[in-house]
Amino acid sequence: MSDMTLHHDHGHGDEHGHNPAQAHQFENMEQQTECYITGMWTFLVTEVMFFGALFVAYTLYRWNYKFDFYNAHEHLNVMMGGINTMVLLVSSWFVVMAVQGAQLGKRNQVLAFLAGTQLCALTFLTIKYFEYSSKFADNLYPGVGFTTNPEHVHHANLNHAQIFYGFYFGMTGLHAVHILVGILVIGFLMMKWYRRHPSVVNDFVYTEMVGLYWHFVDLVWIFLFPLFYLQANPFPPSVGGH
Amino acid sequence: MFHLFNFPLAPPAASNFAKEHDLVFYTLCALTVLFCVIVGAGVIFFSIYYRAGNKVDRSRPMYENLKLELTWTFIPLLLGIVVFWMGARLFVEMKTPPKDAQEIFVVGKQWMWHVQHTNGVRENNTLHIPIGKPVKLTMISQDVIHAFYIPAFRVQMHVVPGRYTQLWFTATEPGAYHLFCGMYCGTQHSEMGGTVYAMEPKDYANWLANGGEETVPMTMTQAGEKIYNRVGCNNCHANVSTPRAPSLLGIYNTKRVFTDGTSLVANEEYLRDSILHPWNHITNGYDESMPAYDGQLSESDVLNLIAYIKEMGTSTGKSAPSSLGNAEGAATRATGHDVHDTLSVGAIQANVPDPNPTPTLRKDTPAVGAIAAEGNK
Amino acid sequence: MSATATTTGQIHEEPGGGKETNYLNVTHTIKSWLLTQDHKRIAILYMVSTAFFFLLGGIAAGLIRYELTSPAGVMLESETYNKVFSAHGILMIFTFLVPAIPAIFGNFVLPLMIGARDVAFPKLNLMSWYLYMTGGSLILWGILAGGVDTGWTFYVPLSSMYSNGQVTITLVGIFIAGFSSITTGINFVVTVHKMRAPGMTWFRLPLFIWAMYATSVIMILGTPVVAVTLLCVIFERAFHLPIFSPELGGDPVLFQHMFWFYSHPAVYIMILPGFGVISELIANFSRKRIFGYHFVAFSSLAIAGLGFLVWGHHMFVSSQSMYEGIVFSLISFLVAVPSAIKIFNWTATLYKGHIRFQAPMLYALSFMGLFTLGGLTGLFLASMGTDVHLTNTYFIVAHFHYVMVGGQMTAYMGALHYWWPKMTGRMYHEGMAKFAALILFIGFNLTFFPQFIVGWLGMPRRYHYYYFAPEYQPYHIMSSLGASVLALGFGLPAFYLIASLINGPKASANPWGAHGLEWNIASPPPTENFLEIPIVTDEVYDFDPTSEFEQEAGTHRIMHGDAPGLQTKDGDKKPMEDK
């Protein structure tokens, strides 16, 4: 077995010259790190295709029903959506700081900023909870009980408004599921850091991978928010919206 | 039908498309046989001649040859493009019905076909048509996706809920041909078939005159007029446009401009949508006071209404009935939306306050029959 | 030294010699198998589980063929028949054809071929299998709880609003199984990019790797789209979120676009690994480098790329616009060309080779014929004018069975017979294997060729009854008789392959005298694959067909326990001894 120089300044090595964080299938740490990062990016590509299909479907419907979607969207709470956007952006910054901490081996920094991320995530979900509750209260969940009150959809066609809300709940719901998964994964990572588990302490790649995932989840929201909440008024100027 | 020892090997060729279709089909058969033979012969010959142990000349083996590669890339490509063009040409023809095609209407549902001729003759699971005359089917489904498939004519088209689809053909050979449902649609998909009867024009005329399989004693237009009155279209749509509703005389195939600035041509699709979901497109100068008939009319009803509307205001058709005089005691129409309109007949009220103060163009014609709107908007 | 054939299933100590440790016998507990991270063991897990699902799908096929012998059915109600063909499609596609070659042979052989110790993410690999088993179990549960009668294509609004079957649970199962595909794809892409041995450049990779790479790219890009499409149907059915409902203004044809966006590339997921296998078989059993290696390698990538642009050819009569149809049709003709290039290149490889006719090669040659016919019949469907008549008929059924069964399954059987000695350390009965290959070829053609005719005559697919058209019956009877022969073609290998595990002769490291890194290690390989990671200096498929050794190699028939020179530990590199 040829000796491979370790490119990561982690110091440890047993008598075979392996970093204990190196998995058996890899020849050296550099290969391992590259594989993990490439793998994570590849996974994110699959997520892009996953959400992308929904974005395309939503875009097609919005193109066909732009007036009704605009009218219906006016009932969404832009303030809450906007706060959520800021919350996620801040959480992304926290994650960047956490990854830096991992690279520098600063456990306290990692734990602090990951905790901050978790707080942001929980805030996001809480605000989401209130948003959804208000929608349910107005009978805006599609189905048999969908509202017949045109006020709640700002005089959009009720059928098309149902489709709008179908996408709204479907896509923001799927996104919220991804946030939840993120909370669990970050929690798991935090636990490993807390216990000074050598796999994360000696190798920042895991923290970086989690960071990439979180950035992606944030990015999805950055697209969702304007597409749903910040629609441009499609009505010609002489005719106002309702 | 072409038979070999009593086994059918080709479907009957009974439409204007069959000849061209079969030309493309048999061209493809020939190309398939050709390439299978080339590859098969190559594989068999090389494997046997160059089998291990057979002492033949294997010097200078070939591992690559750009010329050869490009040849067998571009020749199949070219052949492919030619066949593509043949198929596309046929397809475009199939998608372009002639203007003078005889119209027949089809509603597909689980698990049967309703066919309706414009003169009122209806049939289930059969289709009687004359030969020599182009026939255009306009189709819609009442539930799931079906497909109308006549193998002998080489035509097939999905029948979709929520939109009209069309197919056309000109039958060329009298006879009885299979009609199949071609898109899996549930339990009795395989039983949703029937027969297409292509008849000499004389025989077809006789069949039609004798009422076909089952006749409703009125044409589609007449049936449409009945529905028009029954569900109250006549209460708002008069011979002339009023503040309440535009006139429908001569509306077919005209351009309609809407309150949002967009416009559409009033074809069958638009007319159907306006009846079932009027709030999708509000004609400029009007508001959302027309109730939606979605759920109250079957697709057959809608087809009949459209036939009636198309005839309105034409020389062969009747004008809208002067129904406002008949609207005594017209019922309040509550449609499940929170808009309550009551219709009362009687005095002309010239100065009824405009219940919908949007800055749209309104005609100054006095209301024929007073219409007072009240309630939430 | 020669090994003696064992007569029991146990691997016992050889007198005076050490027991060889390999990946199979290194540990024996069930836990060590169910928690393995060894790509080879995971491949075996997949082999057993996919075989199980194949058996179920095959039973469904048998029921279908039996039922179709009479125009008015034989013993099933229509609803049951509809559930049976739906189960057949779902099981065969999602639990067999999509995973089979990649998850079994990809997993086993890919790391070996590139000189790696394992895939990049062994734990993820194990998770792939568990995702597969979970998805498959849910699908099975759906079947046992009553099944679905929507067809494997789940068109809306039938599946979202009208079907009364176990749609939701089946879709959840397929959704989960899809993630098995995605994780395998991620694993393979990263492995091929990052874990090739020193000297293993891209153009020294065996063509099987190129094919697996292209397959993995499709898995990564396509599968998430069908996952979310099926999720939308679940949304509609279970959560009442309207996405496609026509009465609310939704578009049922949008489902078709989203569904086929994956499902067309999916058929390339199914066939590309088969192409990779055929490249290996043709090269090694002609003792010659594949003709036009670069063209064949790039054609795999071309198929993967173009395959994403043709989905609308499933929708020519769906009410999509004529112009969309024209674009899809044109590109469909283009995507046929790379496959044609492969066929021609394989044929040219045979020229001036040393062709051997062992069982794997018989499957490869079989593939050449069946796939050529199947692929060419695809052109009938790419051409719009003819597709109008042929779509939704048995012509389609015949076409895809020719490419899927005649193509991919034949390649699968070839791969199974080729790598069996490597994977299990045993040789099977060669005579029976050749016979089975022949039976498969004959049975397959008898089953599916009549279906081209009956489809052309106009018989729609997914039909339980055809009493409107009893003239179709003779073709169905021919087809069903053929299906019995086909079943034998699949059943026989099960028999002699399992028998080989019990008392087949031990295989040497390289019983075929093939070239490739996987043949330089023992059969079965040790867990860590290579004692030392090889440094690759040879080109791939570096046979020299003019050499005397090549002329001699492989002319001896393999007989049970009795083939001199073929059971040496280091393969066919030694001179043959006279018997």
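Letters A, B and C mark the chains in the order given here, with residues in each chain numbered from 1 onward.
Keep this in mind: contacts are C-beta pairs under 8 Å (C-beta built on N, C-alpha and C of every residue); 3 or more make two chains touch, one makes a residue touch a chain.
Here the structure is a predicted model, which means the values were calculated and not measured.
Taking the mean of all protein Cα atoms as the centre, the chain whose own Cα mean lies nearest is C.
When C-beta pairs in contact are tallied for each pair of chains, B-C comes out on top. Rounded to whole angstrom, the centroid-to-centroid distance between chain A and chain C, based on C-alpha atoms, equals 36 Å.
The distance from the centre of chain B to the centre of chain C, each centre being the mean of the chain's C-alpha atoms, comes to 41 Å. Each chain gets a centre from the mean of its Cα atoms; for chain A and chain B, those two points are 44 Å apart. Each of the following residues of chain A touches two or more other chains: 157, 159-160.
Contacts with at least two other chains are made by residues 247, 249-251 of chain C.
Within chain B, contacts with two or more other chains are made by residues 277, 280. Listed in rising order, the residues of chain A touching chain B in the complex are 67, 148-150, 155, 157-160, 234-236, 238-239. Taken together, the chain A residues at the contact with chain C in this complex read 1, 23-27, 31, 34-35, 38-39, 42-43, 45-47, 49-54, 57, 60-61, 65, 141-144, 157, 159-160, 162-163, 165-167, 169-170, 174. Of all residues in chain B, only 7-11, 17, 20-21, 24-25, 28, 31-32, 35-36, 39-40, 42-43, 46-48, 50-53, 55, 57-65, 68-69, 72-73, 76-77, 80-81, 83-84, 86-92, 94-95, 110, 143-145, 147, 149, 151-152, 154-158, 160-163, 165, 178, 180-191, 193-194, 277, 280, 294 touch chain C in the complex they form. Residues of chain B that touch chain A in their complex: 259-261, 277, 279-280, 288, 336-339, 358-360. By the touch rule above, chain C contacts chain A in their complex via residues 116-122, 124, 182, 186-187, 189-191, 193-195, 220-225, 227-229, 231-232, 235, 239-243, 245, 247-251, 254, 258, 261, 528, 532-533.
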